[in-house]
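Below, chain A partners chain B and then partners chain C, in two separate complexes.
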Partner chain A sequence: MSDLLSLSSITPRSWQGYAALALLAGAILLWPLVDAAPGYGVAIAALIFLLLLLAIEADNFTPAIGVVLLFLGAHGAAWLLLAGITGNEGTARASFYLLLAAAWLLAWRCVTVLSALRPTSRWAATALRLIIPTIFGAWILIIWEAVTRGAGIPFILLPPPSAIGVRIANSLPVLAADVRQTIFKAVIFGYVVGSGAGFLAAIAADRVPFLRRGLLPIGNMVSALPIIGVAPIMVMWFGFDWQSKAAVVIIMTFFPMLVNTVAGLAASGHMERDLMRTYASSYWQTLFKLRLPAAAPFIFNALKINSTLALIGAIVAEFFGTPVVGMGFRISTEVGRMNIDMVWAEIAVAALAGSVFYGVVALFERAVTFWHPSVRGG
Partner chain B sequence: MTGTSPAVVSASKLGLTFQTSDGPVQALSNVDLTIGKGEFVSFIGPSGCGKTTLLRVIADLEKPTSGTISVNGMTPEQARQCRAYGYVFQAAALYPWRTIERNVALPLEIMGLSKAEQAARIKRTLDLVNLGGFEQKYPWQLSGGMQQRASIARALAFDADLLLMDEPFGALDEIVRDHLNQQLLELWERTNKTICFVTHSIPEAVYLSTRIIVMSPRPGRVSDVIESTLPKQRPLDIRETPEFLAIAARVRDGLRAGHSYED
Partner chain C sequence: MDSFRDKIVPVTSILLGVVVVWYVFAVVLNAPFQRDLDRRANQTPGVVEFIGKTMSQPKPTLPAPHQVAVNFFENTFLRKVTSNRSLVYNAWVTLSSTLLGFAFGTALGIVIAVGIVHVATLDRSLMPWIIASQTIPILAVAPMIIVVLAAIGVTGLIPKALISTYLSFFPVAVGMVKGLRSPEITHLDLMHTYNASPSQTFWKLRVPASVPFLFTSMKVAVAASLVGAIVGELPTGAVAGIGAKLLAGAYYSQTIDIWSALVAGSVVAALLVMVVGIAGRIVDRAMGGRPA
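Coming up: the complex of A and B.
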């Protein structure tokens, strides 16, 4: 093979490059890639080798060209490997995984080079901040896809991400209805009411000493209630529709907000409070002008914790009775019908929605607590 | 001096005992004090001599446990409710979420002044401390000296006649400190305020004050009172004159007498 000849002239510059070269040699020794009859065409196999060698050689170019070669080589080879497994599912041999590992190592090298870049323009820095985690996430999917299809893992145990993607694309109306029911009704309502109530309770506890002694232990106890015990009771109280799920979310989000706000209200310094005293400032003036702004980082912590708690609470609560729509309902029924790809589709949508929810809260946090050392950086 | 003008602060037999877990600690004992209008009085002494505590008692941030004290002829609490004094702390204590302008506006907002009145006073006091042009900056964008100047502007903004300053320049380097001392003297002369100034620096106390009150610890008490004979106009190089050095020597003697190192 012509590739074998060129192996001698390739000079890697990183340990990932050397390791990838060794893996390539191993792949040739353990040839072929799959056991099945059609297998990989010689041209495709040669192209995979060429792309990987190109990526190994990339470090000998300038960083800008090198990183492009690394990216194209590693991901082109991965793409060809995944495309070729179609029709050969479950027959992959060690050679297939060695090539995959080589491509993964080169993608690692690509991210290392990218991380070391210090772009001068603002949008290049932003693009870089997005590209690096994207490559990282893409490789989780690539390895997942390659292992499930290469080893022929049963669909029920773990479907490949491509099948989940197809299921999402084909079930958009159902998924949209579930998101509307679970997130836009139960989660948002419960989150706003639960966090709001926790906040107001914290202020009340701060203002009235006996509440501080009475309310905090009770709030603590409520937060310790097991959600799978509370959810069926809420369904009995508030019915099958989203109101009972919102009630569960309220119970789950109340306490983190209460505790964090109470801690935040104690966060302002002695000197700052003495200053307000020298102005003969009233309780409410001190609260609004000093203590609440100082508590903002704590309050936003609670809002971020609650954004994920609310989603978990609403989905789990739907397991205990719901109309025939909702993310938790869908997961529980589709598991029973062995439609695991639909379960994974709901999981993916929930993860996406949770990340967006969290991201929006984090953006608000940056805007409001711009003055805090953790945000302004120093 | 004190006989001709009405007393702004007058204390007699003032004492304060803190109850701590290690038993009572006598922070102030038997302090007699009269401060007249327009005076610049420094309190000097080693740490633990009660100079900050005394200032906090005047400001009604601590309650005395014995003796009497009046501020502007009222109890300290009434004086605080009337916003009779501006207080400058050891650190600037500016609120990081407010710009310099909004920080100076803080006491004015609390006192319910109109927007137009607030704007006029902010401009006037920021000019007074030479911070014009920094209105829109946030405190963390300014140097330590500028932050402390902004906090002085905040204490001046509502025009109280009494200014209480607790080691305001203690955390600053000597060059900045000299500069701010000079500016403070100019400001005092222009505004004719009464200033109580806590410090542990002898040159600072002698340079600034019309009267220096030397304090000593365990229990905190007044050990000497020194009237300054320096003229009101004080350029920085007055600190090399024999008159200045003589006063400084007397303060040092007073500190040494009140603080026996033998024990």
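Coming up: the complex of A and C.
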């Protein structure tokens, strides 16, 4: 352990390691970390260096231990750096950013090592598939936090993630009311009705070839149009409450569903359709037993596209007028009042809701299209 | 002749149907207000006259198609192009930020795709976030991006273009990743037997293979880019652009203006998609592709 600490024996094995070592040297040259009077305690600073050096040294251990060292070293150092900036906001010097960059490089090294691992068990592979992007996302937040607080960026421009987190925790009732108004009323209703109508129209178009030949080019054309522009008209027709937002969502989700379902209904092969014919199955039997299951991947693709469109439609429609609740309403008024942290809180909630919505559809897809190669292959 | 029977007849007849339904709805939706007007003016118009009146209100609930067409024609062709009521002028404002954002977005998407294809770490750490980034209703962030950038002195084209960039990079990135990976193993092996360097493999095999994917995704991206530019104009009280026109129409209940702005946006969208499609076909032809 003692010779691990002496700088001369540190031997990086990767370019990230060398670069991190150089950054550490630079950080020492440009000492101290912050301009403010108390600054970082000697013990904290030493601990940061120790953690980073441990991480640089990590490649000399077996991969399993190395990864743990890299992970703990990089993130421990980042944590200490962030914790130390409290009270010294806006006074960070170059050496603070050099240390942060070193920690980031080591985290990158950690991800590189993790990506190279080929675990045998499925469980470990799944865990890896989650951990790698999580580290990436965490570093976006870490750098955001460090830069906004280190450089003292005005709160109005860009609040640090921690402040947004505090704001979310403090205004849960407001956020919950907005989610209820926008998502549980407008989005879900519009999504179900719009996708359902698109689906039924696709079946009708499939039954009547004339309709299909006419509707498909129009549907393709409409999906390129800025449909969101009907929002002000819908607000005029259906009033300020959630019905007008649901109407926008219905219009936005109708055409993707129509186009995708029609494409999906054409997906089953001639052989299979001929087989159904030899069974003397009726149109509806063929539809339900062969063509709809074959169309399922297309239909779910449309449902996924629609999940995002529905949220966008409802939120943007609220910019045109709404009762005093709703996510779009909150965003536009809080921007006006310069409560930027509340806006970010609302965006974080919208992002979470969007991801959950998408995730639920994706899970449902896996359950329904278990036979499809892209799912079966794992 | 076949394309006439199989395409033009069904499409036109459905469009005609839409116009007829539109007229019927215009009469039905505008009727209550017209009845109200007539009652106050103590008039009892005949059926034909009444229907005619519902289609010529200055601020109808649903303007009749010909009202929209007249307004669109007046504002497009009869006004000076520099007038801020001219649709050409407003469409140009929106178009310029659309194109800038589209160019940024395409470049960013291609760079990300190249990175993802060549760096395994990026593939595993960035790809999930790119997909997640699109589940975020980014348009909701549009007002804030614009207000924040205005606070630090960046106004005009760039903020709107950034929103377009965010919306358009995704289809390009995903399409290009697919395209750059589309060469089969045998093709890659062939390059290997030629002792081709990675950069040679990239330029001579992967890039040509990805071109069709690039244009397909650029069609999606340019449409998304236009939506981004329009929405980017909504929250800031922008003075010009199709989005600003929509917002002004909504404030002053100028329904006919809203509809003609919508038509203008649709025309721009259709033109953009068409231009990208034609460019794709020209590039394909130049690369020796034959119509299948």
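Methods note: the second predicted complex is superposed on the first by the 346 of 378 C-alpha atoms of A that agree within 3 Å, B and C clash if a C-alpha of one lies under 4 Å from a C-alpha of the other, contacts with A are read in each partner's own complex, and residues count from 1 in each chain.
Quick note on the criterion: a residue touches a chain if its C-beta (ideal position, glycine included) is under 8 Å from a C-beta of that chain, and two chains touch if they have at least 3 such contacts.
This is a predicted model, so every value here is computed, not measured.
*Asks:* Given the touch rule stated above, what does A:Tyr358 touch, chain B (first), chain C (second), both, or neither?
*Replies:* Only chain C; A:Tyr358 stays clear of chain B.
*Asks:* Would you mind checking which one, chain B or chain C, touches more residues on chain A?
*Replies:* It is C that touches the greater number of chain A residues.
*Asks:* In the overlay, answer first, second, both or neither for which of chain B and chain C A:Lys289 touches.
*Replies:* In the superposed model, A:Lys289 contacts chain B only, not chain C.
*Asks:* Touching residues of chain B toward chain A in the complex: what are they?
*Replies:* Residues of chain B touching chain A: 59-61, 80-83, 85-87, 89-91, 93, 95-97, 106-107, 109-111, 138, 140.
*Asks:* Under the touch definition given earlier, write down the residues of chain A that touch chain C in their complex.
*Replies:* 108, 111-112, 114-116, 129, 132-133, 135-137, 156-158, 210-211, 213-215, 217-218, 221, 223-226, 228-233, 235-237, 307-308, 311-312, 315-316, 319-321, 327-328, 331-332, 335, 340, 343-344, 346-347, 350-351, 354-355, 357-358
*Asks:* Contact residues on chain C for chain A in the complex?
*Replies:* Touch list, chain C to chain A: 6-7, 10-11, 13-15, 29, 61-62, 120-121, 123-129, 132, 134-141, 143-144, 147-148, 151-152, 219, 223, 226-227, 230-231, 234-235, 242-243, 246-247, 249-250, 253, 255, 258-259, 261-262, 265-266, 269-270, 273.
*Asks:* Under the stated contact criterion, what part of chain A meets chain B in this complex?
*Replies:* Of all residues in chain A, those touching chain B are 269, 271-272, 274-281, 285, 289-290, 293, 296, 369-372, 376, 378.
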